[in-house]
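Quick one: structure below, then a few questions.
The first chain written gets the first letter, and so on, giving A, B and C; residue counts start at 1 in each chain.
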Amino acid sequence: MTLSSNSQPLISLRGVRKSFGAFEVLRGIDMDIRKGEVVAIIGPSGSGKSTILRTINGLTPINEGTINVGEIKVSDPKLDQVKLRHRVGMVFQQYNLFPHKTVLENVAMAPIQVLKQPRRQVEERARKLLAEMRLPDKANSYPGELSGGQQQRVAIARALCMEPEVILFDEVTAALDPEMVKEVLSAVRKVAEDGMTCILVTHEMGFAREAADHVYFTDKGVIVEHAPPADFFTSASDPRTKEFLSKVL
Amino acid sequence: MITEIQTYFRELAASGINLTIFYDAFDFDRFVTGFGNTLLLILISAACSIAIGAAGAAVLTLGKGPAPACIRGYVALFRNTPLIVQMYFFYFAVGSIMPVGRNELGLPQPLIGSFSWAVISLSLYAGAFNVETFRAGIGAVHGSYEEAALALGYNRRQAFFSVTVPLALRFSFASLANNLVDLTKATTVAYAVGVAELLYVSNQIWSDSLNTIEMMNVMLVIYLTLTAAVVFIINRVEAAMRLPGFGLGDGQ
Amino acid sequence: MTSINLFSQILEWMPFVLQGFALNILMSLLAIAVGTLMGTFLGLGQLSTLKPLGIPSKLATQLFRNAPWLVLLFYCIFLMPYQVNIGGVVIQLPSWLRATIGFSFPVAANFSEIVRGSVNSIPRGQWEAAEALGYSRRATLFRIILPQCITRMIPPWMNLYALLLTATPLSMIVGVEEALGRTQAAVQAQGDSRVLIPMYLALLAMFFFYTWPINRLSLVVERRFRTK
């Protein structure tokens, strides 16, 4: 949980708006995330949390506002997509591992094919990451042969192999059986403790409280409140925040 | 060995079941030629139709502008008109305006013969159905796989060929098997433009030897065997490509 | 000038061809009616738990599904008598009628598969709930399962009809005077190779404009009846 002394945020969102048809999902989001920070975004379903993540790595284009990742302007129509995806990685709720590739291939294929890095180097890095995720002997298995928790850890390794500066975690434990949630949260924690900037959308309040540097609460497309977890969970000021916390804690 | 087989069938003929193809060398030759032509029609048209189907489905998914509309038009046209009329159109109508060359004897010979037109017609016909099959297979692949590829920096084209296509193939086998069985049966239509395939030669044989019902039964058995072989082969390919934990039955 | 003459010449032959097309339509309507009826029995037979009923039904379905339509047509034309004597009444069986009967067999087999497929697509839970309430297998099938199947069977049935119509010109090979046969006759009568392309295009158009709406309609029906 090291914080950079540089006060310039790594990622900043200003006035971000997004509508799907007539339904406005994001109604003016402002966020600043510094290098090395671990940020948790919590809130009720449909409040726009996952959408915020998807706008940061360009999966969902925005209607209004600006998003900057370092010097990259995500909203720029001439965006260099590969450069952005090199810096920003993502782990999905449904893991989305490629079923027709082995675990090792899943982790290594993007750096080889997209970043054009040499195969031997990448595979070595991939094996190291799988070892860090405590799956060293699953390299030649297929995703379908692994449990949900194992697949999610492979997905984390896959995101890490691209050597990003930020990883976005989209409700990564929501689809897991309870006994596997812990192993995945430990993996996420390790990634955070190694200095990676992490933005997590999560329902795991305990994890947010212990591992995050900053917590954002969203409701109906706006950020209602944000604070370090110590303040946030004990002395939230906005009534909507208090109502949500009383339901989930 | 061969003379023994021939003797057996000659005796069988005496008792009422006349299978000349097994004891008459001329009929045997004709029959084998016909069967060979049918096999060629099936193999060449199947390969071409699969290529057409894959290309068409790729254009429908990735293409922009008039190209997808053209493919849709092609599919609509070939699926909603009779194969035999299509084949007649190609062989008689289009064939009438094609240049005519000369063969070794100096006799006029059309540039594209009946066999070639039959292959072209069958390929286009089955190809239209295959476009639909592969398009449905692509549609069955959950969008989240493509999304994961995009999040890793692949562009749409790369994501399509690296991720969507291999998975779409797994979903297409059942429908593809159906189309290829239909293709196998459809090769009989080439009879109408004079291709010496199985039905054509069987007809010749039974016209000469008056063993209509025997020949028709032999033909039927052969076609049932061919369709069973097609299904068997597709099933084997599918089994070889099966991915653990992935398929129609699983909820991802 | 000559192209206008050509056009009017072709137009003169259109009623002749269209009358033939009417025969295609007639054959398709009869064959779908007979085939659907036979196919319903075959389909239910396939679903039966009684071996003496189930196995022959499955075999018959497979036989008529995997045999080429043209081969079945030849069977019916060559082996069917020219006339039948039913209770003292002699009924003539012209070529087109024998061809229609020939088409009924593959239609029946295809419909049998449609029936079997739609019954199998009803979730297991329905059968179990019915059994828990005391319904017999037979009663469950006829009172609970089949009524749900009707709407699922209509789109593939429509596709089957369209397929059948595009198969009817095969009867030209066995001498039936329908649209394709008449087009050929018209082309020969005019003795002008320039009419080949327009006349065959006209024939393709006839089939297209009758068949394409049917297939489109089946998509609409399918969307309408889609559950959940």
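Just so we're on the same page, a residue touches a chain if its C-beta (ideal position, glycine included) is under 8 Å from a C-beta of that chain, and two chains touch if they have at least 3 such contacts.
Only a predicted model underlies this, so the values are computations on that prediction, with no experimental measurement involved.
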By mean C-alpha position, what chain is farthest away from chain A?
C
Chain nearest the overall C-alpha centroid of the shown protein atoms
B
Chain B and chain C, separation of their C-alpha mean positions in angstrom
21
Would you kindly tell me how far, in whole Å, the mean C-alpha position of chain B lies from that of chain A?
49
CA centre of chain A versus CA centre of chain C: separation in Å?
56
Chain B contacts chain A in the complex at 144-145, 147-155, 158, 162-163, 166-167, 170, 243-246, 252
Quick one: which bits of chain A touch chain B in the complex? Just the residue numbers, please.
57, 59, 81-82, 84-86, 89-90, 92, 94, 96-100, 109-110, 113-115, 142-145, 158, 162
Hey, which residues of chain C end up touching chain B in the complex?
63, 66-71, 74-75, 78-79, 162, 166-170, 172-173, 180, 184, 187, 193, 196-197, 199-201, 203-204, 207-208, 211-212, 215
Going by the contact rule set out above, which residues of chain B touch chain C in the complex?
76-77, 79-86, 88-89, 92-94, 96-97, 181, 184-189, 191-192, 199, 203, 212-213, 216, 219-220, 223-224, 227-228
